[in-house]
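Structures incoming, each one as structure tokens.
Look at the two complexes coming up: chain A is in both, with chain B in one and chain C in the other.
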Partner chain A sequence: MKKIKFLLFIILAFGALSCGKKGDDEKPKVAVVISTLNNPWFVVLAEAAAENAQKLGYETKIFDSQNNPATESDNFENLISSGYDAILFNPTDADGSISNILKAKEAGVPVFCMDREVNSNDAATAQILSDNYSGCVEIGIEFVKALGGKGKYVEIIGLVGDNNTWARSGGFHSVVDKFPDLQMVAQQSGDFDRNKAMEVLETIMQANPDIEAVFCGNDAMALGAYQALQAAGKADRVKVFGFDGADEVVEKIDEGKIVATGMQHPLVMAEYAARYADEYFKGKRDFPQRVPVEVELVVKENAERFLKK
Partner chain B sequence: MNKELLKKSQSLLALFALCLVITLLSDKFMTTTNLWNVLRQISVNVCISVGMTLVVLMAGIDLSVGSVLAFSSAVCAGLLKSGLEFQSFDLFVGFTVLGGVLVALLVGLLMGLFNGFVITKFSIPPFVATLAMLTIARGATMLYTKGIPISNLGSSFEFIGSGWLLGIPLPVWISLIVVLVMVFVTKKTTFGRYIYAIGGNEKAAFLSGINVNRVKLWVYGLAGTMAAIGGVLVTSRLNSAQPNAGVSYELDSIAAVVIGGTSLSGGVGTVTGTVIGAAIIGVLNNGLVLLDVSPFWQQVVKGGVILLAVIIDRKSKGSK
Partner chain C sequence: MKYAILIVLIALLGYNSVYFEKLSDRNSKTSESFDFATYADSLYTQGLLKAETPIAIDQLLVEVKADQNRAFETYGNRLGIGNSAYFMVSVEGTVAEKTDGLLKVRDKSGTVWPVDTEFIFGNAIRDASRLVKLTDFKTNAEFNALSEALNSIIREEAIPEDLEELRQGDEVTVNGAIKLSKNEDLTIRVVPVQIDKP
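Showing the complex of A and B:
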């Protein structure tokens, strides 16, 4: 009995200690942990998240995980020990990042996932997700429409070890594979890279000069594919589809050079995440686990709405 | 047949064998368009790898080439796009294509010289010094571009990467000139002989009166310049500078150097060998895509070929 009392005392003491640390009216600190800053899209997401949190009056800092769950783990350890109070988080890996989130959870730091999800329902406080799969289902439907349900096409996928690559490819194929007359003549990786995608398509066109469409797993690759087609004098015959909503692609859609892309909304996701953290600090605890942020289809008819002036 | 010739014909033989296999598997390989594609695609790696060859000949290594490529590419694009503005003097300086390219090459040269300076002045191992530069130059690229591509640089600049001259793509001309100049430098100049001497035995080279540090400094400077040439080519082909351009290019260029028969311990190897090495990698990349091999397998196959090349290289050296 004595032992239990002693244990209880210890626990209470520690509880009191960790409460005492935050007792004063010091403003909470918010960390933004981003999968990579080596890609413009994620730079926008990270900066928007930091700006939103700053606007709400919090001190923020961005941590770059360099697409590496191990670096991410170091980031989490560092920021927990330096007293951050919430994490706006863009995970590197759906499974590999779970243990990092749990580390934060144990330390009493809430984690709000942005854009990419983790395969767990009780690790993160909330996950604000861009629905890559459904977004590419939309692209798939547009793709079938544009091709009239038949023809040869090429798919250029992103980094083969990235879960967004497969979510996008999966959504696209869930529609397109129902049409037996749509024949995929090549599926190659462009590593989400403009130059690589261009070179890969140059080569594919040697083996398959009669393709009618190219679906690319992101917009950088769609631009590379378009350049390869343009150089081969096929840009007006072969239809290009992308994903992300990059400004350059939206312009090309408006000019009728690229058919469609899926517009993701990093700014919306960043705003949600920052607001949730704010609400958490004010005492709210019941957040929906998954908040899908819709991916909008951009085609020639509505491209003007998305153009940056 | 002398030994060097034998070794060179070995990698050349490997290249022919590879071409033969792919030709048998796909009738699209041996077409003029495809071969021009391959040559244009390898031109960037050829430029970088030729610079890398000089470094490796001195028993050094340059891990920073991919990042130096990205930074010079970004600076080039930035100057072409928006020039330089000195607000305090109310002065705006615009850049012509030539101006932008020259500044890019200068940036590459300076970053290379900085590598050489750190390596010789503080006797830091090249691996460490250039590893640091890899991160610094990548970070500088991110700072300069704010992580966003710089695009639409004008059609005259685009011509460098996608134009043709006398029926040959311009990037192929450029890489050819780079190769010829460097073959001349390594074979016919004292500077070239110093490089081999330092790689063969640095102490002996020093004792025989060669200014080892100065040669090293300029070799790293040259490697940086070559990376910048590669940067101009990539930027102009895409008509856009990508902040993540050139990631892991150092590995492709080291692979080209090693497959081409240059010894990582220095003193042995040739520029032409490296060109064959780069061609092998390029043909392999092209063939694997032509045959629509799964992207998962491609990496395994590429690694296997590098391994095989080095094993053969070792064997031929062991039996001399």
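Showing the complex of A and C:
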């Protein structure tokens, strides 16, 4: 009996020790944690990141944080305890997400941020980010030219806690604010959401029926704004500007219904994040902390180049 | 009387417990400790104005046509991933036209180059200069704030001063930044750093 007990103990101890360790032939697992899967743009980012990691031979799973830092925190705890080896991460909050990254770092799990920046230059292993600021400087210049440097306008920003919101707004205002005859009558958040942006603009237009342009922090909101203008019979008079490069917006730019957007490249960011994780597994450690990805200006003159055939 | 004191007290507490600020001001507080204006000023006077004369614009375009990748690598600067890059160039010639926001310079071959004296914004000059690295700053927002400070000096002080005495037919040398792309032929627009009348 004693011998059986001892044998059982040895087996259990061995099992416990080997639990969490991967066999030599077992491939690392890569988690893709995305701020929200309610926005098609982030679905593209998530699926592309997972696809790229799978192509490199890794098992992947997508986690949806539902734009909620608490859900994101739960996701991190789950994936760390489930033995994931790297995280391709699209954060919900520039400050709030840092603690989650640090939790992973402490557990020896590298985190590669995609698209959204966190306010720390030593938490994530690397951050691959759209150059939102430069993209919106170019949109700002187009905006001033389209309005002849004067008129009333509205800005609908994205999520208040997201760095991209402020990088875009900052780039835009670095230009537009230097033209004193351009008057911003309202700046409100549309949470990057089409319906919310539509409602926000409808309300703003009640007090400001004479606006001449709307700048939106993403294309979903630009489409919402366009819808509100259409319903008010003002779509031909009020100029709409977006950001992202969504297919529907590029089509509307080509048709002359929306003036401009900034083309982001989620596929490029996803590809590099997966590639960096692969390089990490192969021993690389010196990654650039921040890697900006170019944003291209899309206007009527070059929209055809960006149209999906 | 005691109700009046109570009302004043509640009003004072209420006033001090709530404050309003513009959404855009909320995020501009991260860089308060760093003096971007002073740093940009020294970057302009000690860096940009003392830099060697950059490649002539027409010469650059010849080299880009001959070997795009080599020319981008040798003369251009692209931070991160992308198909375009910024280049520092020089344009020598005579003033063909001077209007609000635009200077047209005709070189010896007769080509007219547009110098945009109005829209001096963004990261064109900072990046074309190759004098500052992304890693010198903690966040992208701070790195961009440097561009804004540098652009302000050039747009609001240096270029208006350079333009003041300039007339049509004057000989000039313009040093400035341009953006070129490997993907498409962008309209060339020189963002000036300095307009020099010999």
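Here is the rule we use: the second predicted complex is superposed on the first by the 281 of 309 C-alpha atoms of A that agree within 3 Å, B and C clash if a C-alpha of one lies under 4 Å from a C-alpha of the other, contacts with A are read in each partner's own complex, and residues count from 1 in each chain.
The working rule: contacts are C-beta pairs under 8 Å (C-beta built on N, C-alpha and C of every residue); 3 or more make two chains touch, one makes a residue touch a chain.
In this text the structure is predicted, and so the values were computed from the model without any measurement.
Once chain A of one complex is fitted onto chain A of the other, the partner contacts of A:289 are limited to chain C, with no touch recorded for chain B. Judged by the touch definition given at the top, the superposed model places A:38 against chain B, while chain C stays out of reach. By the touch criterion stated above, A:231 is placed in contact with chain B alone, chain C being left untouched. In the superposition on chain A, no contact is made by A:81 with either chain B or chain C. In the superposed pair of complexes, A:189 makes contact with chain B and with chain C alike.
Once the two structures are superposed, chain B and chain C can be ranked by residues of chain A touched, with C on top. Residue overlap on chain A between its contacts with chain B in one complex and with chain C in the other: 157, 160, 187-189. Looking at the complex, you find that chain C touches chain A at residues 22-24, 26-28, 30, 78-84, 119, 121-123, 134-135, 138-141, 144, 148, 151, 155, 184.
Touching chain A in their complex are the following residues of chain B: 26, 28-29, 31, 33-34, 37, 41, 142, 146-149, 151, 162, 234, 237-240, 242-245, 247, 285-286, 289-292, 295-296, 298. Partner chain C is touched in their complex by these residues of chain A: 117, 119, 121, 128-129, 131, 133-134, 137-138, 140-141, 144, 157, 160, 163, 166-167, 169-171, 173-175, 178, 187-189, 265, 268, 272, 288-294, 296, 302, 305.
In the complex of the two chains, the chain A residues touching chain B come out as 37-40, 43, 157, 160, 185-189, 193-195, 198-200, 202-204, 206-207, 220, 223-224, 227, 231, 248.
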